[in-house]
């Protein structure tokens, strides 16, 4: 069980850093500062963070930034990186055209 | 950046058929079947697109189709990963702004 | 629904996947292997250096040749490899959906092996999204698959084996590597890999990281700085380089998403998100296996053995092999795998600072920080002896599982013994004939032939040389030391190439006798200068 | 850790978070929200298609669906300090056959009877409203006051704002049972044994509500059904309307940043047999079937690439409308569940009404038809 309010008090208030403008998610252009700030707004899981800021929701689905986000969030939560669970993996593993996905019945889809 | 003509381990580079394609309307030469990215790089093109939110330039990053940073508008279709899409004669390759070929 | 059925579905035609399919096919299993790339072999086709290990591990063979051998073997045993086949999803009933051509096909396997390998980790710094900042894997892909130069002037970030190997490959392709930096205080990869980069004149900046990639539209320069114990930049330590390319080699993470999707129990480790699996690669879902980097990052050599182990295990699981058969084969393979997991770079030693070799010799501090063993340190290693007559000088100073030099010398001058990680020792009882096979056999390019007094006051050094253009006999150039700095003028006296050397040319230069233990690299006059 | 509160809300989905927000806004000091998973909005709240719609609804739901659209949605982004991307550009429900049109006409007539503006449009008008649709569409129902919003930021917006206002949240806090004290539902006991106590308990935990309510003898007759969605890569801006079809082939819209979000079924949902329902596996057939369904109506999207698919559980009430209100058979317990796959758009109004119920006030519209104990045998 995680007491969100207590945890927020433990980690203290958000403090701006010089590198807050640094891009973390290249696809959706989410910065380090946005991620750090969101943690102080109660966003503690990658699942929530993706939904809140769209990091990892773009074309590459977090394959590039997943680890970076995890470590930024863990540091902000004053925890080790394994505290922050990775996002669940979902099909399709690569971006695929609807037209191609639609053809799965052995014959061409008309 | 150029092609590697002769490599100490891999030897002479395979010879391919040179074809013409169009980069933002200008004709360019590339080797048929090589990734579009390779032909662009040989021709000195570094910027493949500008991002939607902050309009930053982007180019090749992972080169294996994973990071999707190298996407361009190819034959009118946006978001084509140029690092894994083979070059064909006559292809129209355009700088992508956000998700379209026109500057917003 | 039209679902095609197979005994065994392998995802990924890299070293682990192909090895597993081959091993299983040998026992009558009919595997199908999917790979999203246009070429099979995974990363092997980007590996142009010679592999380490022993004969069973295909040591001293270049990665892409091993790839070719694996493909031939796969074909021989009837393994079906489908390329440009992207696995879209892996579902609980051991069902996979695969994009083949412009459609999706459904497959179900009685067993599934996930061998999807790894993807590169990234670091972010100011300007890291600029065109010209690329992954080290991207550089390899451009050079070794597509035969194009990633850039002209490159800075490499990362001193692990990938960073070191790719730095060398960049120079082989014709790029200039202006510096190699790493935030860690010590070089992470093999000392021999570092040494071959350092002797080409690449400066190493350990405890340094990138502050900024510069440029408006693309990279035009980079600034690095020294990091203190608090991981912050120490004021006044900034260094600028004009570069057009910044290469990132900061580690790999298992590409395990498919296993997660299929409901395999996963664990979050320092080395990435990996499936929980036993020694044979069986995950928590019966019939779903994992092998190679996807279950934990190691070298390709280990991935191939892991693949074989999973292959025979699957053959037994499907009833194609008897239990005793499986046990004996696995015992054999585990010995091979254990061998590779020995030495200073063994998985068990990750993150540890090792002060002494197994022989009790102090490790070269200089090697760990600057990339080369200093002239003062080199004499204490058993492969380095001082003799007048021609003899091998083996600058092998770390315990890694590798022994092709011992096999290469037919005269018995080189001895490693039964412990594969031991440092090679020069056996002075046996006479060296200067054949150079040991020089070419050393995957770390750490063996040189040295002979004093070939003419009064002058001796000869023979070195491995894998660059273009190949110098010609009689050419006058500059001999460089282990640190890449010019030590003296020299003349090329012999250039040997042979199929047996496999593209490692042997270059012999004539230098003054007192430079024989210093000169370790050759540069043509025009590109070198004393400083 | 304070384990007593005026109100304990079970379920950190959009209904729970919205209820907490309206309670805090109306002055309730101590509100605790318990979420079973590690993430707020882990269930249907963040897995739905984002429809904020009145058309097509049961008449019992329409009054509060309309109330939300008139009074709550328009100012929600401002109120929460998070862009909920509310877009009120209308909903087209498409038909390709005469049978479709008849069905749509019936729905439109029902809506008109309770004062909702829904009209039938012909093929030409459909193309005028949205020129990207298939020419095979012969007509549609059109409700210009319908729209969509971003379920992710709406849910997390309610969470964030209520957290700022003093609500306490506990995640990874799975409820095992409720317990009565002196005849009144008063304790909430977690699977790890932790006991929370509240003057009022609000149960809004989706399908899981059924098992929790059962521990105090309340039955909420509903089943659960898996539903899948997918999202495409960012596309150039095309249209702002919400789409649905007469035969429920698919539903969806283009989100603000350009992706298309669509939901659809392949027919296998009713018989889905998932060993561990918490894993939320998608089905190997559904994504392809969904793509075909969408392309049948929006053919120009055939080249759009899908980047992700996911699924979630619907909590389907026996008669298709939710259970909202006090449990007459268990004093102290208020429930809100059984939203049957269309709860998102009404969640602000439901949250507001739950806060009113807790305060013993009259709700903004009458919802007595949604009483939790309304099931009657049919013979």
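When the chains are written out, they are named A, B, C and D in that same order, and each has its own residue count from 1.
Please note the rule applied: a contact is a pair of C-beta atoms (placed from the backbone, for glycine too) under 8 Å apart; a residue touches a chain by one contact, two chains touch by 3 or more.
Keep in mind that this is a model prediction, so the values were computed, not measured.
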Pair joined by the larger number of C-beta contacts - A-B, B-C: B-C
Return the chain whose centre of C-alpha atoms lies at maximal distance from the corresponding centre of subunit C. D
Just by CA atoms, which chain is the most central one? A
Using CA atom averages as chain centres, what separation in Å is found between subunit B and subunit C? 29
Distance from subunit D to subunit C - Cα centre to Cα centre, in angstrom: 53
Suppose each chain is reduced to the average of its Cα coordinates; what separation in Å results between subunit A and subunit C? 32
Among all residues of subunit D, which ones touch two or more of the remaining chains? 233-234, 257, 282, 285, 287-288, 303, 305
Subunit B touches at least 2 other chains through residues 52, 56, 58, 61-62, 65-66, 69, 79
In subunit A, what residues contact two or more other chains? 23, 26, 28, 58-59, 63-64, 85, 88, 90-92, 94-96, 99, 101, 103-105, 109
Using the contact definition from the top, classify how the chains connect: line, ring, star, complete or other. complete
So, in the complex, the side of subunit B touching subunit D is made of residues 52, 77-79, 98-100
Which of the residues in subunit D end up touching subunit B in this complex? 233-236, 257-258, 303, 305
Taking the touch rule as given, give the residues of subunit C at its contact with subunit A in the complex, in rising order. 1-2, 36, 86-89, 97, 99, 102-106, 119, 121-126, 128-129, 253, 256-258, 260-261, 268-269, 272-273
Within their complex, state which residues of subunit C touch subunit B. 36-37, 48, 62, 119-120, 129-135, 137-139, 141-144, 146-152, 172-174, 216-218, 244, 466-468, 470, 503, 505
Any idea which subunit D residues touch subunit A in the complex? 1, 38-42, 46, 152-153, 155-156, 159-160, 163, 168-173, 190, 192, 194, 231-234, 257, 280, 282, 285, 287-288, 291-292, 294-295, 301-310
